[in-house]
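Labels A, B, C and D are assigned to the chains in the order they are written; within every chain, residues are numbered from 1.
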Amino acid sequence: MGGAMAILSLQNVSKSFGALKVTQEVSFDLAPGEALGIIGPNGAGKSTLFNLITGNLRPDQGAILLDGRDVTGETPMQRCASGIGRSFQIPQPFDHLSVYENLLVAARFGGRLTAAEAPAHCADILRRTGLAALADRKAGGLPLLNRKRLELARAMATRPRVILLDEIAGGLTEGECVELVATICDIHAQGTAIIWIEHVLHALTSVVSRLMVLNFGRMLMIGAPDAVMAAPEVREIYLGIEA
Amino acid sequence: MGKTFTPLILPLLVLGMALVPVIGSRALVQDLFMVLCLLVLALNWNMLAGFAGLVSVGQQAFVGIGAYAMFASVILWGMDPLAGLLVGGLVAMALAVPVAFFTFRLNGAYFAIGTWVVADIARLAFSQWKALGGGTGTSLPKGAAQEMLGVATVRGLIGGSKAAAVDALTYWLALALVVVLLLASWAFLRSRMGLGLQAVRDNALAARAVGVDPLRLKALVFLLTAFGTGICGGLLFIQIGRISPGAAFSLLDWTAFVIFIVVIGGIGTLPGPVIGVLVFYGLERLLADYGTVYLIVLGLIGIAIMLFARRGLWGGFVQRTGLDPLPLSHAAPAAPAPTRS
Amino acid sequence: MSALLEIRGLTAHYGDFQALFGVDLALERGEVMAIIGANGAGKTTLMRAITGIARVSGGSVALAGRRLDRLAAPDILRAGVSMVPEGRRLFPSLTVEENLLIGAHARRGSGFWTLARLYDLFPILRERRQQPATALSGGQQQMVAIGRALMSNPDVLLCDELSLGLAPVVIREIYAAFPTIRDSGTAITVVEQDIGQALKIADHVHCMMEGRITLSGRPDTLSRDAIHNAYFGVHA
Amino acid sequence: MIWLDTLVQGLMLGGLYALFAAGLSLVFGIMRLVNLAHGDLIVLGAYLILGIGTVTGLNPFVAALLALPVMFALGWLLQGALLNRVLGEDILPPLLVTFGLSVVVQNALLIGFSADSRKLPVGPIDAQSLPLGPVTVGVMPLLTLVSAVLVIVVLNQIFYRTALGRAFRATSDDPVTAQLMGIRPRSIFAMATGIALVVATIAALYLGARANFDPSIGPARLLYAFEAVIIGGLGSLWGTLAGGLVIGVAQAFGAALNPEWQVLVGHLAFVAVLLVRPRGLFPRAND
């Protein structure tokens, strides 16, 4: 557990809202540069797990380690500065700031870049995420695909070592999805570790090397995507189709 | 177009304003001094409510504290009133620390009530300061303002009586305060902190996720505006010459008017307070003979703005014309030549 | 003869984002219809558009020939369409019984459903009726949400994601109430991610993807592969 | 014995503050609206009672009965025509609109009735007092406290025992889902503000009968009322009563120490309570 190799490590993390156990004794290690996918039915506690990792929620028990350091008591701001970036399931842009400024905030605060370093860093991300042409547009007016790209780009601008993607492909068309997956592959190729919650399975499985299934807040399975998807209990719980 | 226009017209405007004590009447100087001070308060309140989301109705606390600290510096500690100004600003900022500690516990609208209670506590507490006249207040010692640093120089410059020179000096100080505050606000809002503040205003959840600490930024703005408001309070009461708890901690004069000025001009915009103070001054002149009617009109305008033009006059103008001569935005760096195949 | 609930060319937007693209559906009297699809397929938006919570940007919704799509949510409820919203959305300040009673706020005439009949349908709620609604288990809360929606005696009951976060045994218990509801004269539309459950209870099944209906038919005529493809948009 | 007397006087005063605060508490509990004009509306109510009494020659208690429906209608209209338009995520518009309203009402009263202070002529009852165990209490102050308790009891009954109260609570919990029940939030809000002004009228009766009033006294009374609401716990009516009593007792003890300290000690009690219990004495579980 929490071996020296792991960049992020969850140890027996549990969380309840009243009587509802939304996360139950979840443990896993994420290796540097690894891409892990999370699936599970709605209400399985996937987004709660992200909120626990980012510090928006405090676990009732268990520990969260970043590079072997216990960050369980740290605020979202501190964890961001330590290298955890996230995208939100429902895009949360800074509406009245331009696309570029959205990234600039992230680079200056979470990314801890100086006024001199930040512009080039942001420009590079804008180019990689296909947002360069929209750099000076107000973020509030963007259509969905570009909002999703902005979520991704802004998370990247904080210079994370682990990036959490929450249903970033949801609601996109097939073509848009392919474009976004290419960008995520690019981020992965640069050595950033990824944890990705997604319902669009074919997008997910084209990037991740391990898949975790959550159900009722419990980790049902974790392993190679093919093996996990072939497991009968996963087919039953996830699709409701008795195999 | 706007970008070349603005840097040119502003210095001209300031220069014109600076000449008022030389060519204008004393009454006009005193009038405009009050207008400039209200603008200083408005710029501070706008920063607080419009940019940091801290809707305070207790800023009169810092006006009064600044004024009382200035009086104490002069009367009790024998300092020059100008030095007293600085003391006033510093004391206001120092007292803002416990005030923030208390009021930041209250959320949203109840923050407003909390600041109001604090201001009333300050008023009542300063009423107990017998050395400064207690509940009835006191005056600056005869000659304190006229012997103030710089008065002799001003007199040499523009002639006239000592009292006129005091008016001119306080007027210039107020004008300088306005200019400094405008530039400082602009620089602050374009800085890292300002960018973070605007991010928090748009979406606090996302701001935290990219490493911005909303509480820290808000506390910083609260302290800085307490400093600005405290200095302005000191300056106001050098000119007025007499202090009492009722006058120094007046909700109507130092907060209510200021709120209307900012709302009418455009809350959360830099030029908004300037536009607002012009409208306010115009209305005041127009309705000078009908004191209460004037206040009713002001209240109705405030309500109408919130119902029909929430961004105020300046915000509405920017929205309608697309022109923004004082942009706060950061332009993206020029993109390198596209390399996509 | 037109259907009870008839939806034609329905479109809906969130800002610039189009969530529904010309949806056509018809629900007959006494029928149970299921709409299945993955997250983000537009199922919940469809429910919200029908009930007036989300604004409709094009097309029409009609109940027994009467147009609903320009009405406000409280008026659509009065017209006879009631919803069990996603996540139940019980009122935490109200007890179980009060949650049921609030459903009768705009009760239409004297219909079949009364407190007594609801307690017969879900006996556990009678025992728990004085407790705060949030003190109940997820399944019991779902029963309250269904009961609350029935108390207005609607012609059409829309159920959004009933099985969300519930254990299979609880889901079966809840769906066991459906025949009674149907026999009371209320037509039902369920939105489900639980395909197996949907196939079991529905007379008609529609599959949604990316804001469109991609597959329709009776459960016995649809193959598992066809559903799988419609659900994920890939060829397995 | 002097301390017991002070305590009793404080409780009586607290009753008045609880009356000022009850309407605010109701409105905040249902729609999260902070009404900065509430104090001035109470003063308006006092002038209305005075006006009705002067024109008809009726006793203020009867005149207040006639004023109740007028004030209800005013509240209903105010909410429906004005305040409903500014409710929302942004707290600034309702704050500024009610602030503007406060200035308008105050100065309109000033034009209509001048700055002279008035008092409601309640007759001989004003000077009467009752021996109550070891202390003697004025009839009017006692009546104020009893009325405050009654108002809170009645509001609680409405809130927890009637269909309207159920709709109040449901709308407060979740306005969107409430619409799915056929509830129209805007008319619910209008009803709530109407009731709040009915309570304000009762407060106005005691305000005007116990001491002099003039158009400018609204904001200061409002401040005590807000303190009562906040330290009571937002949205809790019994908490508001408790909050009013705490402020009243603190002010009475302050005044007993030094007449200049009355208000100051009340404020300090407010600060002290919040430092110890940031969410007030009786916070709601789900907020």
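Everything below uses one rule, namely that a contact is a pair of C-beta atoms (placed from the backbone, for glycine too) under 8 Å apart; a residue touches a chain by one contact, two chains touch by 3 or more.
The chain list, named the UniProt way, goes like this: B, D = Branched-chain amino acid ABC transporter permease; C = ATP-binding cassette domain-containing protein.
Quick caveat, the model's predicted, so the values are computed rather than measured.
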item: Count of contact steps on the shortest path from subunit B to subunit D; value: 1
item: Contact-richer chain pair (by C-beta pairs counted) among C-D and A-B; value: A-B
item: Distance from subunit B to subunit A - Cα centre to Cα centre, in angstrom; value: 44
item: Separation of subunit B from subunit C, taking each centre as the mean of its C-alpha atoms, in whole Å; value: 55
item: Length of the line joining the C-alpha centres of subunit A and subunit D, rounded to whole Å; value: 50
item: Sites on subunit A at which at least two other chains make contact; value: none
item: Residues within subunit C bordering two or more other chains; value: 134
item: Chain contact topology (line, ring, star, complete or other); value: ring
item: Interchain pairs in contact, sorted by label; value: A-B, A-C, B-D, C-D
item: Touching residues on subunit D, where the partner in the complex is subunit B; value: 32, 34, 36, 82, 85-86, 91-97, 99-104, 106-108, 110-111, 219, 223, 226-227, 230, 234, 260-261, 263-264, 267-268, 270-271, 274-275, 278
item: Residue ranges of subunit C in contact with subunit A within the complex; value: 15-17, 19, 38-40, 134-135, 137-138, 161, 164-165, 167, 192-198, 210, 224, 227-228, 231-234
item: Residue numbers on subunit B that touch subunit A, as the complex places them; value: 192, 195-196, 198-199, 201-203, 205-213, 329-333, 335-336, 338
item: Touching residues on subunit C, where the partner in the complex is subunit D; value: 51-53, 72-74, 77-78, 82-83, 85, 89, 91-94, 98, 101-103, 105-106, 134, 148-149, 152
item: Complex contact set, residues of subunit D against subunit C; value: 163, 166-167, 169-170, 172-174, 176-184, 285-286
